[in-house]
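Could you have a look at this structure, given as structure tokens, before my questions?
By letter and in written order, the chains are A, B and C; residue numbering begins at 1 in each of them.
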Amino acid sequence: MNKKSFSNTKNQIPLLEVKNLSLLFPQYKEGLKESYIQVIRDFELTIYPGEIVAVVGSSGSGKSLLADSILGILPDNAEIMGRLLFNGEHLSTKRQQQLRGKSISLIPQSVKALDPLMKTSKQVQSVIPDKKAKKRIQEEAFIKLGLPPETGDKYPHELSGGMARRVLIATAMVSESELIIADEPTPGLDELTWEETLTNIKQLSKSNRGIMFITHDIHAALKIADKIAVFYAGETLEIANKEDFSGKGERLRHPYTKALWLALPENNFKPLKGNHPESDEVLIGCVFEKRCPIATEFCKTNKPKSAKINNGITRCFYA
Amino acid sequence: MTELISKYLPLKRSEKYNRRKRALATSIIGALILLALVISGFFIGTDGLVVNFEAANNAPSLQHPFGTDWLGRDMFVRTVKGLTLSFWVGLLAAFISALIALLLSLLLVLNKTLDSLVTGLIDLFLALPHIVTLILISFMLGGGLKGVVIALALTHWPRLARLLRAEIMQIKNTEYITVSRNMGKSWYWIARHHILPHLIPQLIIGFILTFPHAILHEASITFLGFGLSSDKPAIGVILSEAMGYLSSGMWWLALFPGLMLLLMVAVFDSLGRNLRKVFDPFKGQKG
Amino acid sequence: MIKFILRKTGKLASLLIAISLLSFILVSNSPEDPVQSYIGAEISRISPEQRKNIEEYWGLNRSKPEQYLLWVKAVFQGNLGESLIYRKPVSEIILERFSASIVLMGISWLLSGVFGFLLGILAGMNEGSILDRFIKSYSFIMASTPAFWFGLLLLMVFAAWLNWFPVGLASPAGSLAGEVSLIDKLKHLVLPVATLSIGGVASIALHTREKIIEVLNSEFIRFAKAKGERGIKLFWRHGLRNISLPAISLHFASFGELFGGAVLTEQVFSYPGLGQAIVKAGLGGDVPLLLGITLFSVVFIFVGNFMADLLYVVIDPRMKIKQTHD
């Protein structure tokens, strides 16, 4: 913890600190030989209370598994390495078990996350520790989110996409959690619901909660996040402040982030060539080398370490 | 399915795929061994079936691996002959069944009325217990080899037909069919060029899976007395005879023939299932 | 709801009409001579005139469609005809036989359901483990096992060899109905029930296993875990509810296999149930009984399927909505 964060933030203990997190899955066993596939590699991230940190990455980059690693709900065969600190203390498996649903909560992606055979009110109430007040707390949250009172008696299939999203947010709202992980809460929404969902998430951070906002939607990230971590092929390529995304992206450090920024419709629409590497591809050098406009021979064989560069972090030799 | 599965599956898929391929190889080898046994059933002479009271009621030995019955007939020879018979009866019945299923499901392409007729027929057949239908049909045909084959063929098509219908329904709604249709191709042409090729894998796998069912049902109705006549060397006949010797302590009369039948059914069933999993991974998820 | 029942009843009626016609065509084209079945070995002793009288009495001299209509009319009036071999009204035999069969089928159905469900859960919760593979292999082998052979083995081992159970019949031979004790009855039931249920476990176990793996990988289980639920509570709240409905429903829909299995099992154990009766009717050329039991089996399977659908309509909230919407 003596390694001070780059953030411009207050001198307080970070809510969540992820250091060198790697996630592996055994791929197949042939006799005694076993090979692994690495889904997350040396991932790092720091979230302070009241802060929204977006983790932006294309689909298939292992973002949801990141949420699962922090919550401690990975499949059994996953192997996790690195350090997780919550409020400055080591987040062990046991502590994860105690904290999830209480201090750490999840806003999942879609209505599919609700048990189809259970009324919504019951599913929201299950995270409220105060058994006597749970009905009242849940109803208040529903009202706050603009859900009609009878929503509680409905089953998930009776909810519209927007309502389901609000029910999911209500679950995080009624819990007493300090950290909320929003795992892709926006895809498939119309503009109005999209906006509303983001506002609700922003609202959650007002009560000094830290929010990890996992998304592939860079617009959504820019709209509410304070910091943006760019996730690519299991690695954090850059952690930038929101203000860095401006102009032609001069203040962005990594070529991938620049490319992402320039690919947005309002900035020329310049698409990035190539594809995201397959999950079982073994990359010795920089993960972005194949698509990088400024890559050299050196990038093919050497992996850049993350470095602090003007109030952000990046992983590039030429930043 | 859910995003979660698609998220984890890529990690596990190759392992599963390898295992499936291995399972398929195992069942193919099993099927080949059985096939060899069945074919050898043709060439085994009838020497072992001659009545020989001196060798009667022998427990399994090197000379008679499955023992002998009360007439001194070699049970191994009887069992192999029985399997051979079951195999051909099952094969023929499953083949005709698959043919019926294919023809009836293709009616869907032609017109709606015919199709709803077929659906009704499927419902009708599924409304009766299999055994009852078999009894009724062989009752009408008076049993015997021909009766059994017809009864089996007439009772095993509905499930396959249902599967093929669903498949055709899916293909029919695809774009290239519409395009062909707009180009003025006849349904016959479309069926031959676009639908049939897609159905072939389903049909073959369905046929292989129908086959063990047919064998099992043949043995069942023969056992009940509606199937093959008692002078035929059928497994059902052997087992129903063995019922009379239950208290005699001649355990080998029932054990080995049934075990071999079980083996044959299990091998072809697993062959079909593994084929389906390897060639049709999505539908293979179920069952 | 009323609409649902009406629709189902309509379906049953049309099924019965179609099946009755179909089975009548099948049966009436049989080479079996019903008069001979009735008279038995003494067929040569009756004069052509007597024979004619009998045929006339049964309406055999009329055309086939006429015979069918006569039969259907009688059936509508609740008269299924008279059995040729038992010389009793068919409806009486069915009732008597079914009450024996339902004990056998009911217990087996319950046992195979409970054990199949439990095995399926055990396997699915431990997917890929040795236990899972064992349960899976067991189920696949059982699905390939001829039920009657399995029954024979049980008889051989437990009745003939170990002498624990009687060889057959629902009650000891030669004893009066009143004297049969409950224990005796139970003893006669054990092996048939074992035969019928051990095989029946397979399909329900495999189905439950698939379903639970699907549920365990679902988003809502992930979310429930993220909410801090775990262990038994998680399984109880979210797992069990979601797998038990399809499993119970499937089990109701398997009445056809149950009936088929009972036919074979009853034959092996000489259990005096409906299955044994239909075999006797078929072998003895007893057309009225054969047709009667056929129709009865249609109703039996239909009730199973009806229960399966009804469960969904009553319990699953998703189906309720669909119902009110259409």
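Here is the rule we use: a contact is a pair of C-beta atoms (placed from the backbone, for glycine too) under 8 Å apart; a residue touches a chain by one contact, two chains touch by 3 or more.
Note that the structure is a prediction, hence the values are computed from the model and not measured.
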Contact-richer chain pair (by C-beta pairs counted) among A-C and B-C: B-C
Farthest-lying chain, centroid of Cα atoms versus that of subunit C: A
Euclidean distance of C-alpha centroids - subunit A vs subunit B, Å: 52
Computed distance of Cα centres, subunit C from subunit A, in Å: 54
For subunit B paired with subunit C, centre-to-centre distance based on mean C-alpha positions, whole Å: 22
Multi-chain contact sites of subunit B, meaning residues that touch two or more partners: 2-4, 8
Per-residue multi-chain contacts in subunit A, two or more chains: 109, 112
Residues of subunit C engaged with two or more neighbouring chains: 218-219, 222
Complex contacts: residues of subunit C adjacent to subunit B: 15, 18-19, 22-23, 26-27, 29-32, 140-141, 143-150, 152-153, 155-156, 159-161, 167, 206-207, 210, 214, 217-219, 222, 256-257, 259-260, 263-264, 267-268, 278-279, 282-283, 290, 293-294, 297-298, 301-302
In the complex with subunit C, residue positions of subunit A that touch it: 68, 71, 73, 97, 100-102, 105-106, 108-110, 112-118, 126-127, 155, 157-158, 171, 175
Residues of subunit B touching subunit C in the complex: 1-5, 8, 120, 123-124, 126-132, 135-137, 139-142, 212, 216, 219-220, 223-226, 239, 242-243, 246-247, 249, 251, 254-255, 258, 261-262, 265-266, 269-270, 285-287
For the subunit C and subunit A complex, residues of the former touching the latter: 218-220, 222-230, 237-238, 241-242, 245, 316-318, 321
